[in-house]
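Shared between the two complexes below is subunit A, which pairs with subunit B and subunit C, respectively.
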Partner chain A sequence: MYRIKKQDFSKIIDELIKTGNRIISYSNNGNDFKRINSSNELSINSNFKPSKLSLKEIVFPKTEPLFYYKRTNDNVELKDIKFDSEKTIIIGAKPCDAKAFSTISKVFNWDYKDNFFNSKYENTIIIGLKCDYKDEYCFCNEVGLSQSSKEGSDIFIELDGDDYFIYILSEKGKNLFQPFMSYLIEEIKESKVDDIDKIIDLNKVRTWITDNFDSNFWYSISQECLGCGKCAFICPTCHCFDIVDENYTYFEGRRMKNWDACQFGKFTLHASGHNPRDIQAKRYRQRIAHKFKYYFDKFDELLCTGCGRCSRECPVSINIFDVIKEINAK
Partner chain B sequence: MNNLYNIAKDLFSTNKVDLIIGYKSIDSKRTKPIFVSSNEDVDHLVFNEYSLNNLSVYLTRKDIKKYNKIGILAKGCDIRAIVQLINENQIEREKILIISKKCNGVVKDFGLEYNEENIAEKCKSCKVRTPKVFDLMIDSEEEKKLPEPTISSRVNELDSMTPEERFEFWRNEFSKCIRCYACRQACPLCYCERCIVDKNIPDWIESSPTQRANFSWNLIRAFHLSGRCIGCGECERVCPVDIPLSLLNAKMGIVTFKEFNYATGMEIGEPTLVGNYSNEDNEDFIK
Partner chain C sequence: MDNIYKPTIAKIIEIIDETPDTRTFKLELQDPEYKKNFTFKAGQFAEYSVFGEGECTFCIASSPTRTDYIECSFKQAGKVTNALRKLNIGDVIGFRGPYGNHFPLEEMKNKDVLFIAGGIGLAPVRCLIWNVLDLRDQFNNVTIIYGARSVSDLVYKRELNEWQNRKDIKTVITVDPGGETSDWKGEIGFVPSIVEKVNPDSKNCIAIVCGPPIMIKYTMPILTKIGFNDESIITTLENRMKCGLGKCGRCNIGSVYVCKDGPVFTYKELKQLPQEY
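For the complex of A and B:
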């Protein structure tokens, strides 16, 4: 672990901007994030609440072309996408956001290797920041994280007066900071483990979900759900997408990969007209089961980092943590 | 005493309703929609300045329509949506029992303290704070003066822009759209079983959140709601990327009022704007 002066950290950022890196930082109120062009625009604040949209769009944009096509007389010409090699460096990701990247990386690399995701993820360096924000919607501690978890971060920083403590965690992080090691002062700090009070038994939750697929509970907790996809779209780990062809003319077009959400009524509508998830309760069950059971069964990880965005922003105040607590109490 | 608890209790005991759609308190500054189907749960019901949701959005839902008689808590603005749904033949007046109160405005969003600063913009220019259409009124405070509205000055500001500047303003706003359709889902008048944006043979509106398709979506929605939007502002409140949709809706409202002297959802039985033709209709705008 190292110590670095804030002004030296800013110098490093300016240097990284100069050498052509794309630096992402938060806005002054922490509600959103953007590319910055100077360290003066940096906004590193451990008290920010999670931004409205999560950082996932950096590796999984809301829309992106997969290829372009052109019909000729008896042929179809395809044009591939050139992947961008620009490095993206995210400054100040919360532990709940940083972790999400490695979580969704599993599904994008499980069977088919998704190069659209990978080309961006490989070029993304995540500088995590110890979090000092907590409200009634946060529950990172219940899903195996904490305000100082470093999982998913390549570099992790903690505020300490006019300095930062800085942890270099991955090969990517090491390479990034290699030219700047002279700014860092090595230090040994007793690492304090966060006190984690857990009230949820995730094994129990999982078992209950497995055994109660047809329970009325799903209906009772989702009756007010409007079926808008807001929760999924702002979630750092929801990763469903739809693939559509868009024609510019009869002869030309492109194939697009767009965000999609299991909360939409037409998400599972078959061409036959049959819809296996025909009511909102089944769609809400899918949301909970995917996050707390299916993903865990398959990848040994939860598909939730406890950021609380979905609950904080739900138009009808459905609170995912309350739902999990209710299941836990059964 | 006409408090909510007594009214609701009485409605169930006398079998006047099978269901009450209302609000339940979650903390001091939040409520959520609740569906009460028996006497047992009526003590959860609240109706206060944190009762934000326009519950009429549920009235067109299949699982709600199966009830014979539905009680619903509705603020003056929400009642306009109910009236409009009745006028559009989506729900039957006889099946709906409207429980209302005099309203002194609600907060902009959950979690905010009720005070002058945090009162929702729509409330400041509301003409139905004391509702005109209802079945039962609960005891409520008299109307008090709310802060001056700013929405029309914001609309004027946009009107005074050049078309290029205005286009740039909306281009900027719509570029944020992620096409989650929360605006549509929260809207009581967006009840189409199959929204135009879900039609893909042919693909009328591309589903990709690109500039072109975002323009199509947001403008089509505004057109589909002109003369139908009652200004409850739920679309803007639920938008995760803060697109000022109420500016679009307010502009449409101003135009329909000016051209056709039409205000949406004020009176039961009034012909709808687009569903009605009259020889006296203003045609000045046809160029």
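For the complex of A and C:
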């Protein structure tokens, strides 16, 4: 672990901007992330609440082209997309956001490799920041994380007066700071382990989901759900997408990969009219079961980092943490 | 870096109208390199696309033993199948595949094989039927039971005749009551009751069942009654898919991705899945 002066950290950031890196930081009001052009725009504040949108857009954009097509009379030409290779450095990711990258990397890389995701993820360096924010929607401690967990971060920083403590955690992080080691002062600090008191037993939750697939509970909790899909769009780990053709002219266009959400009624609708998840209760069950059971069963990883965005922003105040608590209490 | 979403180009070299709303395309892969390396197994599916309209999913309906071309059969139902239907011989489409698992051909060898199909459910079964018939001496008795709503809804009619005329297989064709024509010589009745009537020997036999959910629902108990165990009944699931690669997240049933772990399942496996398909 190292200590670095804030102004030295800023110097490093300016240097990184100068050498062509894309630097992403919280905006001053803490609502969102943005690209910055100077260290003056940096805002590193551990009291910010999770931004409105998660950081997943950096590796999995809302919409992105997969290839271009051009139709001629009796043929079609396909033009490749150059994979994104812009070096990106995220500064101040909360533990709940930092972890999400490695979580969704599993689904994009089992068997077939999605290089649209990989090309961005490989070029992204995540500088995590210890979090000091907690509200009634946060529950990172229940899903194996904590306010100071470093999972998913390449570099992790903690505020300490006019200094930062810096942990260099991965090869990527090491390479990034290689030229700047002279700014760092080595320090031995006893790393404090967060007190994590859990109230939820996720094994119990999983067992309940398995045994109660047809329970009325799914109907009762999804009564208010509008099926708007907002929860999925702002979630750092929701990764479902649609593949859609977009024409510019009759002859030319591109095939797009667009965010999609399992809460939409047409998500699983067959052309025949049959729909395996024909009512909101089944769609809501999918959301909960996918996050806490299916993904865990398949990839040994929870599809939730407890950031609380979906509950904080839900237009009808459905709180996923309450849902899990309720299942846990059964 | 590979782009797993980019299709290869296939040309339509023949169009066969199976029924008023179901059509078969014979396709030729245009990239010689891709064509040379292309192999698949009976039961696998692919993504077919009309550029400008999108992609849709159906099985490869021709046999892996016929390597010059690929066939697919589709029913006009949604946006892409409507667009596919407007195409002519010589037009090109996008093709990605093969994806998914396949029928256990090796396990079926030296056993009896019972094929049961309804409507366009014959497409994946037909792929396997020709696969088996092209290697006929490696299998014991082969029985085909196929039914559709009406005579005009029977697909692959020319091949049904061929199968009925073959001495080395038993083929029973049926139409739903009311679907017969005045000169219909086959059976009249729903597929499950015809299966019961044919009463195939379940000993050392694998049953392949594909068709509409309602047919599958009523056929399974009859097979069980005849004596088939759950491991020797095999079916396929059709879920809506986009990527076919286990990424896009809509075909799952519990933690099973139909596009990767399926579409072929034994009845035993099916019973272990959450009932959401």
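Note that in this section the second predicted complex is superposed on the first by the 330 of 330 C-alpha atoms of A that agree within 3 Å, B and C clash if a C-alpha of one lies under 4 Å from a C-alpha of the other, contacts with A are read in each partner's own complex, and residues count from 1 in each chain.
The rule is short, and it goes like this: a residue touches a chain if its C-beta (ideal position, glycine included) is under 8 Å from a C-beta of that chain, and two chains touch if they have at least 3 such contacts.
Values in this document were obtained by computation on a predicted structure and should not be read as measured data.
Superposition of the two structures on subunit A leaves subunit B and subunit C fitting side by side, clash-free.
Touch criterion met: A:Asn258 reaches subunit B, while subunit C stays clear of it.
In the superposed model, A:Lys230 lies in contact with subunit B only, and not with subunit C.
Counting residues of subunit A touched by each partner, subunit B versus subunit C, the larger count belongs to C. In the superposed three-chain arrangement, the CA centre of subunit A forms the vertex of an angle with the CA centres of subunit B and subunit C, and that angle is 90 degrees when rounded to a multiple of 10. Contacts of A:Lys34 after superposition: neither subunit B nor subunit C is touched.
When both complexes are overlaid on chain A, the residue A:Phe83 reaches subunit C alone and has no touch with subunit B. When the two complexes are overlaid on their common chain A, residue A:Lys293 makes contact with subunit C while staying clear of subunit B.
In the superposition on chain A, A:Phe67 makes contact with subunit C only, not with subunit B. Contact with subunit B, but none with subunit C, is seen for A:Lys52 once the two complexes are overlaid on the shared chain.
In the superposed model, A:Lys198 lies in contact with neither subunit B nor subunit C. In the superposition on chain A, contact of A:Lys174 is made with neither subunit B nor subunit C.
The minimum CA-CA separation between subunit B and subunit C in the overlaid arrangement is 5 Å, rounded to the whole angstrom. Residues 242, 244, 247 of subunit A touch subunit B in one complex and subunit C in the other. On the side of subunit A, the complex with subunit B involves touching residues 52-53, 62-63, 136, 223-224, 226-230, 232-234, 242, 244, 246-247, 256, 258-259, 261, 264, 266, 279, 313, 315-319.
Subunit A meets subunit C in the complex at residues 66-67, 69, 71, 74-76, 78, 80-81, 83, 107-108, 110-116, 118-119, 213-214, 239-245, 247, 250, 253, 255, 257, 260, 262, 267-272, 274, 276-277, 282, 286, 289-290, 293-295, 297-298. For subunit C in complex with subunit A, the touching residues are 1-7, 9, 49, 51-56, 77-78, 81, 90-92, 94, 213, 238-240, 242-243, 245-255, 260, 274-277.
Within the complex formed with subunit A, the subunit B residues making contact are 26-27, 30-35, 53, 57-58, 63, 110, 178-182, 184-186, 198, 200, 203, 206-210, 234, 237-238, 240-242.
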